[in-house]
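Chains: A, B, C, D and E, in written order; residue numbering restarts at 1 for each.
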Amino acid sequence: MEIFAYQKGEKNIRENIVFEEIPDLLKQENVTIWIDVDVRNQDDLRVAENLYGNIFGFHHLTIEDCREERNQPKVEEFDDYLFFIVHGITNKANTANFLTKELDGFLGKNFVVTNRNENFRSIDAVKKRIRINPKIIERGAAYLLHQIFDRLVDYYMPLVDDFDIAINELEDRVYAMETADTSILEEIMDVRRSVARLKRVSTRQLDVLYKISHGEFPQIPENFLPFYRDVHDHLLRISDMAESYRDLVSGLFEIHFSVTANKTNDVMKFLALISATMLPLTLLTGIYGMNFQNMPLIHSSYGYFITLGLMILIFLALLVYFWRRGWFGK
Amino acid sequence: MEIFAYQKGEKNIRENIVFEEIPDLLKQENVTIWIDVDVRNQDDLRVAENLYGNIFGFHHLTIEDCREERNQPKVEEFDDYLFFIVHGITNKANTANFLTKELDGFLGKNFVVTNRNENFRSIDAVKKRIRINPKIIERGAAYLLHQIFDRLVDYYMPLVDDFDIAINELEDRVYAMETADTSILEEIMDVRRSVARLKRVSTRQLDVLYKISHGEFPQIPENFLPFYRDVHDHLLRISDMAESYRDLVSGLFEIHFSVTANKTNDVMKFLALISATMLPLTLLTGIYGMNFQNMPLIHSSYGYFITLGLMILIFLALLVYFWRRGWFGK
Amino acid sequence: MEIFAYQKGEKNIRENIVFEEIPDLLKQENVTIWIDVDVRNQDDLRVAENLYGNIFGFHHLTIEDCREERNQPKVEEFDDYLFFIVHGITNKANTANFLTKELDGFLGKNFVVTNRNENFRSIDAVKKRIRINPKIIERGAAYLLHQIFDRLVDYYMPLVDDFDIAINELEDRVYAMETADTSILEEIMDVRRSVARLKRVSTRQLDVLYKISHGEFPQIPENFLPFYRDVHDHLLRISDMAESYRDLVSGLFEIHFSVTANKTNDVMKFLALISATMLPLTLLTGIYGMNFQNMPLIHSSYGYFITLGLMILIFLALLVYFWRRGWFGK
Amino acid sequence: MEIFAYQKGEKNIRENIVFEEIPDLLKQENVTIWIDVDVRNQDDLRVAENLYGNIFGFHHLTIEDCREERNQPKVEEFDDYLFFIVHGITNKANTANFLTKELDGFLGKNFVVTNRNENFRSIDAVKKRIRINPKIIERGAAYLLHQIFDRLVDYYMPLVDDFDIAINELEDRVYAMETADTSILEEIMDVRRSVARLKRVSTRQLDVLYKISHGEFPQIPENFLPFYRDVHDHLLRISDMAESYRDLVSGLFEIHFSVTANKTNDVMKFLALISATMLPLTLLTGIYGMNFQNMPLIHSSYGYFITLGLMILIFLALLVYFWRRGWFGK
Amino acid sequence: MEIFAYQKGEKNIRENIVFEEIPDLLKQENVTIWIDVDVRNQDDLRVAENLYGNIFGFHHLTIEDCREERNQPKVEEFDDYLFFIVHGITNKANTANFLTKELDGFLGKNFVVTNRNENFRSIDAVKKRIRINPKIIERGAAYLLHQIFDRLVDYYMPLVDDFDIAINELEDRVYAMETADTSILEEIMDVRRSVARLKRVSTRQLDVLYKISHGEFPQIPENFLPFYRDVHDHLLRISDMAESYRDLVSGLFEIHFSVTANKTNDVMKFLALISATMLPLTLLTGIYGMNFQNMPLIHSSYGYFITLGLMILIFLALLVYFWRRGWFGK
């Protein structure tokens, strides 16, 4: 649990804040407080829940939400604070397994509380910035939160761009289809599932930021709305891209199908070609292989060569026929 | 039919309430009553309908709805009570056969009536709780009902999670496709139907809880709205998961298709390989099996070996050809 | 054309009403009139149109609608009456050919007019009821109309349930696929078309009842709204079921596809098996059928048996190979 | 360019109106003017644009729209007139090539302007009517326009009904599939494209008539709204039918697919049947065709007949086997 | 960076404006300024950002958006200016690779700022026009911007029409399907991706122009709304066409599929025909090729001819059989 406080006019932020100071600090209008809780630490968890319940007086359902995982992004307004859940992207997430992590939190007039059970690069970055230069925190709680959201959404972008590459690479492999095994189907399915998750999480998050950025909540001063609108626009781009990726991935199945059908058609043609040239000739040899005693040509000394010549003629005629039907297209 | 009554300030809830006391109890502002009716019991049914009609004065269409099964989830406002229908999950429900059961009921200023013709684990759990500690009932009718809804929705979760497992297991079996029979299609179809039902019931229920949790009804005091919003959020997660399951299940059909097409392609290749290597050689043996008397090599003592050598050469050449075309990829 | 009138307080309804009495009856506040017109009767048609135009003063477009068939369900408000078109189900309708018939009509403060060119079981039933007991008509025009609507929608249910049976039966036949002919495709297509019609008509009708049951029209007193809401809920269930049937029917095509692909794969395997075992053995017999004079074993007395043994060995080896590849799975 | 004017109380409409009279006529409250311009006539075009710009003072963008083709249906309100674009059906339109033509126009308090570069049967019909009987024009500009719209939409109906026939005929041909060529696919694709166009144009037009018929514009007196609502309802039916046609047409592709797959399966079965019966017997003849000197039965005088009998037995056994597997289903 | 200023009443626009004059010019009510910045020029970029930040006082997030690429079309209102992002089409864009370029900008009461890092034909055209005749700029900033938008959207049209041609050409090639390779699938996929992009960009842009043209912003005087509505209508047509192209392209996959399936069916039939005629005859030759000594006909002098005749009969019978089954349909 890290606590940051900044008083307007001061040069530096304060960090070594004792638990007991918080109620006093909250009462001071020109102080902005940020409490960041990592609930993986059991001690912090206990202290934090005490803080939430007794000092801030947060609704106990929000405290439960902080304890749980697997919550959807949302934002809820209470009397004098907002409760929000947003999802960041995990370090381990990739296009085959798109994973998000939950960031819960509260925004009040002069405080921000962030509650999480994973590391967040966005939070670390903001902490680093305010230690060097407290400008961010100086502009108030709503601006501080915007900084966290902005970075959190920015970390989506590299992975979102990766999908484009991954889908293109899958597409090339589907066209090539060197190996006819089903492993490529599994990979396509994984990306499809990831894209669906990306779409879902960005849509929900878009709702959250739409509400925030359109001035629904008094906790966000109007002059900060453009900043949240900016985050909203970034999410909109992500959501749009997810939508287009979804189309492309489901197109992959159709291409795979068509390519397989094409291949089967090619193999069939080849088989038909072999059968159609070999079987008639074999029949001819069968005829002259019969044991009738009275067969024309059989005793002639040219019979064999005449027959062989005939077979070559038939063979060539068939090849010409197939060539005309366009079976040697490939 | 079980009747619970709790008077503010008392230590325990009262349970042995005679039918005649109800009108009196209803008039007392600081008493909360819960009447739970299992209509499978014919006597209870008759008593209950009398109660509904004559003492509570419920609209006779709602009483009819209580008698019927197969109603959709809904909530309706009447002068001084709400009528609701929600669906719980049955014990026997599984991913291949998703079944729900109906819970009808009424919510008034100081009473809750629950009406059902199945066992509900959620109702049993709440009864158990209030017998130990009447805290839940102490906070009033709206809170009591929230407790029932909350548990009812929570019982969905294990099964909803089961779908994920079931679909993954089906997906693995589709990829493996050891047995080419159609039983897997039937299983996919069963899950698909279950997912569709889950989606439908959760969407309808979401509507109901949206209306309740957004303060449309005066029967729900504003300070209890967050509790219903919480139930709404859980349902939203279920509905979202059902949506994504639907995508995955319809993906299974596509994979099954592609896998079958791939398999057919493999078999075709194998057949073409066999035919393309065997037929030309057979033709050659046919040629030397003809009964012409004047055939080159036929009387030579090396003729047989030369021919055999030629056949082996042709065979190897064909193998190299197919290997180059990549037909041994698998 | 049948005319029913009921005066509050009277014991029976009056039926033998002369055309000329209608204007007088309409002016009496405590009289409820129901005029039921079967426009297949040319005389009735002429009388009715005179009545509509001159006595009731209905808008001439609504009179045109009464004359035409093929109208969509709708409800329109005019100064002092509602005009409605709803669709009932015909007796001949089945899952392969879902047909509806049109019921047009007007609802005023104290009158109901129903206009149709088919028999309606719902109308016959209501007539029968009011002749025995005029209670229904006693509660006023809006309640009387609700009774007709309620029955009309109820007659949908048996057929709607039939779809479930028909689709399940088709599904079983698709899995079995004993006959590979296309007649099952035609049957699926018929059901698909019927389901689409059911969906369409119930959606339109839902709109009509939504408008009516949500208090948009002053012709429906507020205390009758729950009755119309009840009809609305029944339609909602029908619409929901139609939606799920649509999913199931389009699933049938996918299953049919997969089953056919599976079957083709099986046949291919069988063909490959036959070819792969027979062709190499035939080649062997071809080799020993050649007429070279100097062939090893050919003059040996064991040559034949050695060759035959070799053939059996090759045959068994191939069987083992295919068994290992899992081609005997079925 | 034809100009019609009608003064209330007069018996006939006036037709030979000089261009210069128009401003005067427009000022008279009890005169209704209809100006119909065919812009294919270059002179008319010039006169019309002068009229639009200088006398009526229409917005120059609407005048541009009148000059252009390929505009979407729309309705726009200006200070004292409405500008509308609707689409009629061309004479040459058919189910394989659904074509519409544009009718632009203006509706003012006492004037209608129609502007087009094609013949419109609806306009010709209205002209004919008002020449015989000026009743239509007597009721004012809004009613006159309704008459044009009503006829214009009615001319859609025969073609819309044709789609039903065309799709059924295609469906039958797909089932029969006597010719396996791709021409039927091209025909299906043409109908599909036509249906898409019908859907698009009717949806846009529905928007236009929804706006007009729901009282958005003061140019349409309230008592004429039911007339426009009637046109709206007709369009709604067209749009509904287009929607269902779309379903049916995309179903045709699925059926075509399934029928082709079925046919391929049949051919495969036939091939497998031939191969499975012929190849083993051929192997047997190969065995007795080998040139080993010491072969059992070869010298026996019954050997041939025993072998032949064995072949017939094997053949029959195979037939029974296939019959049991149900391969003779068709 | 080019700066244009026009003072009402003057004959020409001024172009050689020094940076320092701008604040003065902005204060003059009857002057309209247009600043066009190409941010590829590093010097211009620096000057422009100084201008935006210090003289105009634009919100710094909008300045960031000007610097970035890959923004979605949008419009945002600030205190006394609008910020917009629209997308034009690049010169290099074609149906296989649909590319857009970003035009950012600001619209104030008497100024327009356009900011871009690509050439825009629309901007060049407007510059050329105002140099010849300052009429456009005379009507104010909102009209000037409309002129740019109008041209920008018009440049979409030729390419949008190209899609129709490209899809038709692809369709023809799919039907012909001379080459069975997968390159056509890649081309279809490219067009599909382009159509998806076109749809996306036109939908977003439609939103922007809907907001602008429906009077949401005070920066656009009401009498200019019809001009923006006109641009909106053009975009609507583009969006509609994109929608229909999407349908057609996804239809291409289905046709490709069906054509491939048809072709495979043809090849199968051919193979079955060859096998079914050759194998029985080969069996017959095999029978008479057996070495039994006691075979009927074998020693007869007509045996060979009788057998040959029988083979021809069988062959003809099979041909008739296949002809009757309709296998020579193609």
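Heads up, the rule we're going with is that contacts are C-beta pairs under 8 Å (C-beta built on N, C-alpha and C of every residue); 3 or more make two chains touch, one makes a residue touch a chain.
Everything numeric here is computed off the predicted structure, so don't read it as measured data.
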In the contact graph of chains, the distance from chain C to chain E in steps is 2
A correct list of chains touching both chain A and chain C reads B
Expressed in whole Å, how far the mean CA point of chain B lies from that of chain D is 40
For the pair chain C and chain D, the C-alpha centroid-to-centroid distance in angstrom is 25
Multi-chain contacts in chain C, i.e. residues touching at least two other chains, fall at 257, 261, 264, 268, 271, 275, 279, 282, 286, 289-291, 295
Among line, ring, star, complete and other, the chain touch graph is ring
Cyclic order, anchored at chain A and moving toward chain E, comes out as A, E, D, C, B
In the complex, chain B touches chain A at residues 171, 175, 226-227, 229-230, 233, 236-237, 240, 243-244, 247-248, 251, 254-255, 257-259, 261-262, 264-266, 268-269, 271-272, 275-276, 279-280, 282-283, 286-287, 289-296, 326, 329-330
Chain B partner, complex, touching residues on chain A are 59, 61, 70-72, 74, 76, 78, 178-182, 185-186, 189, 192-193, 196-197, 200, 204, 253, 256-257, 260-261, 263-264, 267-268, 270-271, 274-275, 278-279, 281-282, 285-286, 288-291, 295, 297-304, 307-308, 311
